[in-house]
Each structure stands twice: as structure tokens, then as C-alpha cells.
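Listed next: structures, encoded as C-alpha cells.
In what follows, chain A forms one complex with chain B and a second complex with chain C.
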Partner chain A sequence: MKLSESALAWLFVGPALLVIGVVVVFPLVYSLWLSFTDVNLLRATGPALELWGMRVPLFHWIGARNYTQVLADPLYWDSLWRTLYFVAAFVAEAALVGFGMALVLNERFPGRPLLRSLLLVPWSLSRIVVGLLWIGILDFEFGALNGLLLRAGLVDGAIAFFKEGWSALNVLVSVYMWNQAPFATLLFLAGMQSISEDLYAAAEVDGAGYWRRLWFVTLPALRPIVFLVLVLATVNGFLMLDLIYVLTMGGPGYDTTTVSWHGFKTSFTFFKFGPGTAILYTLTALCLLLTVVYQRLILARFEPEA
Partner chain B sequence: MTLIDRRTFLGGAGLAAAAAVLGEGAFCSARADKPVNFSGWVFKPDTVKDYVDFFNKKHGGQVKYDAVPWATYHPTMETRAMAGEVVDVMYCNSANRERWVDNGLIRPLDDLPGMDELKKKMAPGNLEAARSRDGSKVVGLPYFTSIFILMYNEPMLQQAGIKAPAKTWDELMEHSAKLKRDKISDTPYLPNWNNSGSGTMPQFLSDCHSEGAGVFDAKNRVIVDQEPGAARAMERWQKAYKDGLVNPEVLTKTSSTDTHRLFWTGRYAYHTNHSYYLKTIAGEPENSKLAPKKARMAMYPGNGQTHMFTEWYTINAKTKVLEDAWKLARFLGGNLNGDWYVQRQWCLIAGLDNAYPEMYDNPEIIQSYDRWVDLKLLREQYKKGRSINAFKEPWFSEYDSKAIAVVHNIIRGTSTVPKGLKELAALQKSLA
Partner chain C sequence: MTRARYRGGNYRRRSAGSRIVLYVTVAAVALWLVAPFGWLFVTSVSYQRNLLARPFRLVPPEVTFDNYRMILGLVRFHAEGQAGKILASMGNSLVVALAVTGVNLVAGTTAGYAYARFAFPLKTFSLFALLFTRMLPTIVLIPAFFIVFRALGLQNTLTGLVVAYCSFTLPFTVWIMKAYFETIPADLDKSALVDGCNRFQAYCRVILPVSGPGLVAGGAFTFMLCWNEFVVAQILNTRPGTTTLPPVIAGMNGQINIDYSVIAASGFLGALPAVLLVLVFQKYMVQGLTAGSVKG
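Presenting the complex of A and B:
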């Protein structure tokens, strides 16, 4: 039997599509559905789907009630403003530091291969480990940084980085940046290395110095990478949860409670999975919105070379 | 080469099989027909595995144990129930237990053989906590029980010329102020104000009780806004924070375990926390500078009353192996073995107390406790323990979690004491 070209293509792509459907599309659609229902895991009344012998309860449809309930809660709005600050600060820091490190690592100097490898260490660590590591550095009682500052006589007493909410939130931003900036560096570096040397040579012939080459050659050529870095950093910033779990648990008070933490608590501590998923889907909507904005601002006028 | 015929081979094989069966039979009783599924949150899972193995050998069980991370334990168990999986015996914490009762996930235990005897042996406070909200049935056997206690750093008090630990809260504040003034300790007092469910709110209940204040009324409504004792406790907390007597980062510690480890450093004079933490503080020289027994326990200040709670073993209402599940539950949360096997292990290994006072007559237990605490005093403290019934309300876990931020705002002075206490009452009302 001879298969047509399209049938053969489906045959090859089919298994991958099936896996994506089961592990990505189905959970996404199901969790979106849950955000419109009255979920009680222990009383799964209402209709249900039977999938390969597994019962998937659909619960009672309650329309947008979860969303109206969530949006009427002042805690949600407080968390949202805090999240927007967190994301803005994190994206700016991660992009700038990542770009700066990429510029350095794009130059030739002794030890560059080693430095490039070391660069990936923070990014490759689990965020639980990252959190614990930074507790070891910043803790009021036994933190290495306080120890150094005190021994050097630079401070009179230990600094309590997590005492005030504002300070604790900024610590979270910086620790997350430390963890994520290497990935941005990697992307920028890959982008920089794909820029043709001829462009720099031509710019040099025209008398452009380092900064003008950076501004007129490097940055325009990196537009797609900048877009990618911003989108990834924004999504990661919105979803960041594990560092809060390890470093502050959303406190003191609610001062480091972001929307993702609020959604996690609502779902897994209060067992309100309907409102919990509604909270988290508002984040998804925000991420999509910002992706469109970035696309318009950065890529709209970008025409890749043929 | 010796050849054996078919008859000899079959005879030999039969003998070998009989020997294997009899041999095992001599070691253990009849094996259960079906496995018993047992789940718990992750706490010393190797210890649990050891006693599950012991149970399987000694009592002929077929128990399959799995441990689930604490943070997602209860949602995981509910999801598994939703998917139709029956976990026969499950850990359950007090804040979630009543929901499991209300939704029919777990069954009452009163009709099971030997339960009446266990009820007689259980301390009254624990038995009350074991009952369902309406008080009609017992729905769990105790995994462990704990009480908030006051610990003090004896060498530090001696260094400051303080002859005896504080008996009142005023004394504790005076001692702390003196230690700070004399530069013996930067932050002499370490209350358990951490941001988890085992921190700020149990500490709040303890200090309110010690001031003679009720936190919930008979109908489990929050009444702290009408209780002068609660206001006194909160004013003291505000002052301690404002005067720099406490570690300013204790509010963002993520567990009671992290908090108690600070006391290991020997830099604090007083610490309030769950009793079992004194075991590592005063009993583990490899970890703590206050071991052996440089940290001691004193009766809780004020009227001595303090918060007490119990965690549970429960049985799935849909279990198909009730007899075996109950046997396992009695092994875990009762005294099936006749020597308090599991409860004793927890006492010896982790300092976890249990709900059966007669276990404390066991010489091994007495000897073990003697290494880290004055057992007599601890038992006295238990007599003053107060457990709440509000944990049986469906709104409790959400209230208990959201209340932490309100109390933190009081401590930090971003909310006044009367306003904060009113907020707590309003929070409970909004969830009920």
C-alpha cells in the first residue's frame, strides 16, 4: 500500500499532535472551563466526560460568577498592581542585564568560554534552590552579605531585607533577575553572533564608533530577539510563584502577594478551584495582551531580510 | 551426575513450598487478601516506611505507602478521590478534616471494634477534637498532638543575672529589654510569627488564651474584638516589634521549622513554638548551640493556657478493605501492638507527643524525653492546653490563612490594635 504525501505527513506528525493535545490543549481547555464552574473536588456533581475509562467531571456551569467575584475582591487588585510592578521591574532588569552580559561575552578575551559556561549556572538551578541560596546570602540572622558588611564595618547592624514589604518585593525582583538574566544573555548572544561582520565593517568605514555601531547596527538587528526576550520575561514574571513560596510566602502582610500567589492560595489552600483558575486566567489574558503590544511596538515595522 | 525423576522433583518442590509458607507463617500472621493504600504528607518518610514494613511483617499486612509533599497534600488526595481512587488510610490535618467528613470522603470510626477502648484512653481534649462538628461521631485517630510552649536560653539569662525565666508577659518584656540594653542579645525574643499555618495564628491563639481571652465563642464566631486580653496580647506584640526586641524578618519565615532553627544559634533568650521543636533545640548538639539542655521549657506566661492541636489518621468511606484499614489505623493511631509502637517511634524520633497519657509511663519514653525536656512540666502544660472547635468549620482554613496578614499588619503597626481585631471578626463573618 502506498500512502499519499499528506497521509504520510499526518502519520509522522500525529503522535506529536496527540501528545500536545493531551498534555497542553486538554488541560488548558479544561482549566478554562473550570473557571466558569462551581468546583468541589469531593462532590463532583453535574455532567462528566468519559475519556478512556477515566471520569472527568465538568461541574456546574455558573457563567462569569467566579470572575465577577474575583474582580470585586480588593485583594485581587492590590495583588495585580504589585504584580505589574514586579513584572515591569523584572523585565527591565533581566533585559538590560542580559543585554549587557551578552555584549561583554560577545567580545574576545581570555577565559570567555569558561565565563559563558558559568553564566548558565544560575539559570540551570531549580528556583527552590535559588531561593534557599539567597536566604543564605540575605538573611538577617545568618546571611553572608550581612556578615561581610558587618565585618567590613560598613553597617552598624544587620540589614533586614525582608522586613518591609517594598524591600522584600524588590529582593524578589532581583533574585528572579539573577536566575533568569542568563537566559536572556544566551538569546542576545545568539542574536549578536548571527549579525553579519560586513555590517560592522561597513559602519566602521563610514566612521561609526562603538556606540553608534551598537545603536545603528546591533540593536536593529536584534529586534526579533528583543521581542522574544520581552515576551518570555513577561510571561515568566507573571507566573513566578516558587520564589515567593521559598522566600516570603506572600508576606509580610500581603506585601509580596502577587496574582499568581493569590491564585495558588485560592486554589490549593482554600480549595476554591473555580475562583482560583479565574484569577490565573486573568494573568493569561494579560500576558496575551502584552504580547500583542510588544509585537506592535517592536516587530510591526520589522522586515526580515529575504 | 545424579538424575532425579519427576516424582522426586514434584515431591521436593512441594516440600520446599510448604516450608516457605510455614516459615513465613511462623514469622507473621495470615496475609491480607487485598492491599491497603496508605498516604501521608512528607515528614520523615523513611520512618513511616520502616513501621509500615514492620506492620506488614508482624501483622500480615499488605500496606502500600506513598508520601505526598505537604504543600499539595490535601488537594492531591481530593483529586485522587475525584478520579475514583480509594486511598484507604490517609493523614489529614485538622483544618481540612471536617470538609472530608461533610463531603463523605472519610467515615466515622465509632462502630469499629476497639474504638470504645481507645476513646477511654485518649486525653479529653484530644477526644473532643477527634469528634465531628456536631459531636456525634469520632472521625479520626491521632497522628500526633502538640502544644505551644515557652522555651528559654538558660546560659543567656544567667549571663544577664536573671535568676528565673519569666512567669508573666510583663516580665518577659522586661527581660528582653534588659538583654537588648545590656547588648547581650540584639533581638532577645523569638515568637513564632512565621507566615505559615503553623506560625502566626497558633501563636495568636496561644497568647490570647494565656491572657484569658476567648478567640471564638460557643458558635465558633470570632470575638477577639470584644476581648481585652486579645488587645493586651496585640499591644505587647506591637511594642516588642517596635522596640526591636524580635527578629524583624520572622514575619517572612516560611515555616515553624525555619523559625525554631534561629533559636539554635543561641542568640535569643526566649522562644515560643510547638513543643516538639525543643527536641532539636535542646537535644541535638550537632545542630543546636543550646544542646544539651541549655534551652529549657517554662510554663507559658500569663494564666499558663496555650494552644493545643492534633493531626489525624482517617479511613476512607469507600474502602473495600475496612477490616485491614482499621487494623492499620489502630496500629498507627492506637495501640494495636500493645507497646505504642508507632506513637512511641514518633516520640523518640521527633518529639511528637500523643493523645494517650498512659504512653508516658513507658520507661523508654521517659528516658528519651529526659534528654531534652522536663516531661513532668510538659505534661502539666498539656493540662492547660486549649484546643479550639472552630477548626471544624468549613470557613476555617481560609480564615486562618487570611488572618495572618491582618495580624502582621497589627504587629507592624500598619493597623491599630482595635481596628485589626475588628478586621479579624469581620473577616470571619464574611466567610461564614
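Presenting the complex of A and C:
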């Protein structure tokens, strides 16, 4: 029996696409539907979809009312502006620290392989553990940083990092950066290693020092990678939830409530799935936009070499 | 020869000043990367009273494994009900992570191979859809899982978690494997076909055996994502004993009656498997992930 190539290809991708259809596409569509209905988790009756003996409740279509309700809430807009600040600060910190670490790791020094391994430690931790270990450092009572600062006489009293909203938000940014910057470093390093050495040789012959070589050779060659790091960090910034859960729970007040946390709380603390999915869908729309950017501006550029 | 010199220069030929600058920054980076995790270990072998003592001491005056004995259920203490869940939930984490990794390696690898080798209708579109699912907020899917799992009785089951976890791991695995297979010369498949294999035999008998590094990269990354996942498990599996490790640790963190040093011990113990896995397979994971991120 001889199959055509495209039939064969579909046989190969079939299982994966089937699984993705069931566990991604179906929930995605169903959540979109929920965002246009009056979901009530306690009511068992009402319209439902019968699928292979399973009863999927459909609830009642109420149009865009969830969206208008969510968008009329000042809390949504406050969280959105806060999220934009969070994302901007996180992207800047992760890209800068990630790039700085890549510059160091690209040098030759004894122990470099070891340091490259250690790079992966913050990145391989669960964000629950990441939050936990930073509590051990930043806590008001037993935090190591406060202990060190006090002993060195640099502060008069312990610093309450999470007591005030602005400080708590910025601590969240930096802790998340600690966890995520290593991945940016990996991408930068991969990019740096693919830059031709002739370029550096030529620049050095022309009398360019370290910083000029960095500016005129390294950075231009890394442009696509920089862009990639920025897009991935932006998405990760918008989606971050778990660190907020361990470190601030969105507080004090609403001062660290981002859009994703707002959607999470509305859905799973108050169990208002209608407005909750509406909030989360505004995030999903943003991610779709960023996917288009990623595909058009990054993957398309790498294609000719690959 | 010139390789070492121009890529960042040869350290023996640096001036003393630039060598000092380099070593200081290297030390700073090393400290930044490991000191926080190292401190988690120190707190996990300390008594809470020593952590609270001021003036502060970096080297704990007493070292104890009591915190580990407590969470492992070897000694009785006032919060043993909560701490006793650590081992059971680690078992749950292991089962879920292994099952998801298995599904990913079977389905994701075959799909990755097809994307790397075949031209077929809707290829570009389905690749874009995969990329989108990779960037999707998983949390938006959870209300749907919540309602459907309730209808199916999959709430508070490990099967439910395995199903839900495939939603954010499988698109990644397909992408990583596709990038990996693209590094294997297509001539290898062709010669297998010439030798009388069909496409499927060529894949199973010729390509898969030389794909170890790619499989390790995809498998280890999937395992790490599942082992560390918190939000989905926290929402879907709320009944005691049915959830994975991260929600249990996060739950202890909220309790006033549990010392930080005990929570630190569970955090350190829970982090070890993923950290060791990543350190052991780092070479393959780094290659797989960087290639998977930059190649269309």
C-alpha cells in the first residue's frame, strides 16, 4: 500500500493535533462561549450540549454584557495600567540582566562551564519555590537581606518590602526577572556564538576597543535575538500569576493586582466564570497579537539560514 | 588558534585591570545565581529561632535536619497534618509529570518529524496555530476544564491534571522536536527509503535511534514544566491528597503555625528533582530550547 505524502504527513501529525484539539481548541472555544453567558455553577438545568454521553452545560447567551461589565469596572483599568508597568519593567530588567550575564559568560575564564550550569538553577525552580526563597531573603522579621543590612548598620530598622504597594510591585518584577533572565541569557549566548569571528578580528584591526566592538559588531548581529527576547518576555510578563500568589496575593489593597490576577480572582475565588473568562479573553487577544508579531518579525527572519 | 583570541579574548593575555573587572563580575553573577537558592538550603537546616535572631548570622550557629524529619513524617510536631502531605504530593507530581512526558514524547515527536520532513496542506496554518497555543495563557482554558471535568468526574484526579497539562506542554514539544529533526540530514531518511524501508520504518528504525539528544531535551523540558506547575493543580485538584507538590507548599506558606524553616525544607526537597534533571541534561536542553525558539 502506498500513501500519498500528505496523507502520510497527516497520519504523523494526527495524534498530536487531535490531542491539541481536545485539550486546547475545545476549552478555548468553550471558554470564549462562557464569556458571553450567565454562567452559574450551581444550576444544573438549562441548555446543554450532549457530547458522547457527556453533558456540557451551555448556560444562557447574554451577549457582550460580561465584557461591558468588566470594562466598566475601574479595577480592570487600574490592573491594566499596572500590568503595562509590570510588563515594561520586567521586560527591561530581564533583557538587560540577561544580556549582561550573556556578555560575562561569553568571555573566557576558568570555571566558565560551571557558571553556565549554575545559570540554569533559577530558571529550573518552580515559581512557588522562587517566591518562597525570596521570602527568606526579603522577609521583615527573618529575611537575610534585612539581617545583613541591619548588621552592617546601613538601615535603622528592617525594611518592609511588601508593605507598600509600589515597593511590592517592583519586588515582584525583580524576583520574576531573577527567575526568567537566565533564559534570555541562553538565547543571547546562542546568538553571540554564531557571530563570525572575522568581524571581531576586522574590528580589532581597525582599532575598535571592547565597547565599540560590542556596539558595532555584537549588537547589530543580535538584533533578531533581542527582538525575540523582548516578545517572549512580554508574553511571560502578561501571564505571570504564581509569584503573585506566593508573594502578595494581589495586595496590599489592589496594588499588585494585574489583569491575569484579576481574571484569576474573579474566576476562581468568586467563581464568576462569565466576567472572569471575559477578563482572561482580553489577555488572550493580546497574546494572539504578540504571536503574529513573533511569527512575522522573528521566525520569518531566521528562515533563510535554517 | 585565533578562535580563543577574538571571541572575548584570551584571559591569559588580558591586562591585570581587565582581569580583575572580569573576575569581579563573574563572582557577582555566580552569587546572584546561586546565593538565593543556597540560602534556601541554609534556612532549611536551621532552627527558626536562629533565623529570627539579631544580630544576623550568615553561618547558622546550629545545623539540624529536624525540618526534613518533620516533613518526612519521622518526628511528630504540631503541624504534621499539613507537612505529612509532602511525600504523597511528590508522588502525585511524579506520576503526572511522567505521564505527560510520555504522551508528549509519543505524539509530539511524531508530529515534529512530519513538520520537519513533509510538505502537506495546512502545514503553515497548523504551525501558526501551534505557535499561538504555545503563547496562550493557560489560565483561560481552566474555566472550561473546570466545568467539563466536573461533568466527567475528572476533578480531583491525576488523569484530569495529565489532560490539562498536555495543553501547555504538547505545542512546545512539537516545536522542539521539529527544530531537532531539522538538524538531522534528510539524506539519512532517503537512504533508508532506498534500502526498502517505508516512511514509518525509516522514522522508527533510522531517525529515532539517532534522536536521543532531541528526545532528552523535549522530555526533560516537559517533565520540568509539569513538576513545577502550580496554578492549574491549585484550581482543579482541591481535595486533600489529590494535588501535586507546588500547591501543598504554597498552602503551607499561608499557615501562621508553620515555621519558615520547615517550609524551606519542603521547598528545597521539592526543587531538587527538577534542578538535578536540568543540570544533568543541560547540554541537550539548551540546544533544544534555543533552536526551538528561533527557528520557524
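In this text, the second predicted complex is superposed on the first by the 275 of 306 C-alpha atoms of A that agree within 3 Å, B and C clash if a C-alpha of one lies under 4 Å from a C-alpha of the other, contacts with A are read in each partner's own complex, and residues count from 1 in each chain.
In the analysis below, contacts are C-beta pairs under 8 Å (C-beta built on N, C-alpha and C of every residue); 3 or more make two chains touch, one makes a residue touch a chain.
Since the structure is predicted, the reported quantities are computational estimates derived from the model, not experimental observations.
Chemist: Would chain B and chain C fit next to each other on chain A once aligned, or clash?
Modeler: clash
Chemist: Between chain B and chain C, whom does A:205 touch in the aligned arrangement: first, second, both, or neither?
Modeler: Neither partner.
Chemist: Would you check which partner chain A:268 touches, where first means chain B only, second means chain C only, and both and neither mean what they say?
Modeler: both
Chemist: Looking at the overlay, what does A:107 touch: chain B (first), chain C (second), both, or neither?
Modeler: Second partner only, chain C.
Chemist: Looking at A:150 after the superposition, I want to know if it touches chain B, chain C, both of them or none. Which is it: first, second, both, neither?
Modeler: second
Chemist: Return the chain, chain B or chain C, that is in touch with more residues of chain A.
Modeler: Counting contacted residues of chain A, the larger count belongs to C.
Chemist: Return first, second, both or neither, reflecting whether A:55 touches chain B, chain C, both chains, or no partner chain.
Modeler: both
Chemist: Just to be sure I read the superposition right, which of the two partners does A:142 touch: chain B = first, chain C = second, or both, or neither?
Modeler: both
Chemist: Once the shared chain is lined up, is A:235 touching chain B (first), chain C (second), both, or neither of them?
Modeler: second
Chemist: Name the contact category of A:245: first (chain B only), second (chain C only), both, or neither.
Modeler: both
Chemist: For A:72, decide between first (touching chain B), second (touching chain C), both and neither.
Modeler: After superposition on chain A, A:72 lies in contact with neither partner.
Chemist: Which parts of chain A are touched by chain B and by chain C alike?
Modeler: Overlap of chain B and chain C footprints on chain A: residues 41, 54-55, 57, 139, 141-142, 245-246, 267-268.
Chemist: State the interface residues of chain B toward chain A in the complex, per the touch definition above.
Modeler: Interface residues on the chain B side: 71-72, 74-75, 78-79, 81-84, 99-100, 103-105, 186, 195-196, 247-249, 251-252, 254, 262, 265, 267, 397-398, 401, 404-405, 408-409, 412, 414.
Chemist: In their complex, what parts of chain C are in touch with chain A?
Modeler: Touch list, chain C to chain A: 2-4, 6-11, 22-23, 25-26, 29-30, 32-34, 36-37, 39-40, 43, 48, 51-52, 54-58, 103, 106-108, 110-111, 113-115, 118-121, 123, 126, 128, 130-133, 135-148, 151-152, 163-164, 166-167, 170-171, 174, 182, 199, 203, 224, 227-231, 234-235, 245-246, 249-250, 253, 260, 263-264, 267-268, 270-271, 274-275, 277-279, 282, 285-286, 289-290, 293-296.
Chemist: Name, in rising order, each residue of chain A that touches chain C in their complex.
Modeler: That would be residues 5-6, 8-10, 12-13, 15-17, 19-20, 22-24, 26-28, 30-31, 34, 39, 41, 54-57, 101, 104-111, 115-129, 131-137, 139, 141-142, 144, 146-148, 150-151, 178, 182-183, 186-187, 190, 193, 197, 200-201, 204, 224-225, 228, 232, 235, 238-239, 241-242, 245-246, 260, 263-264, 267-268, 273, 276-277, 280-281, 283-284, 287-288, 290-291, 294-295, 298-300, 302-303, 306 of chain A.
Chemist: Give the list of chain A residues in touch with chain B in this complex.
Modeler: Listed in rising order, the residues are 40-44, 54-55, 57, 139-142, 157-158, 160-163, 168, 245-254, 256-257, 265, 267-272.
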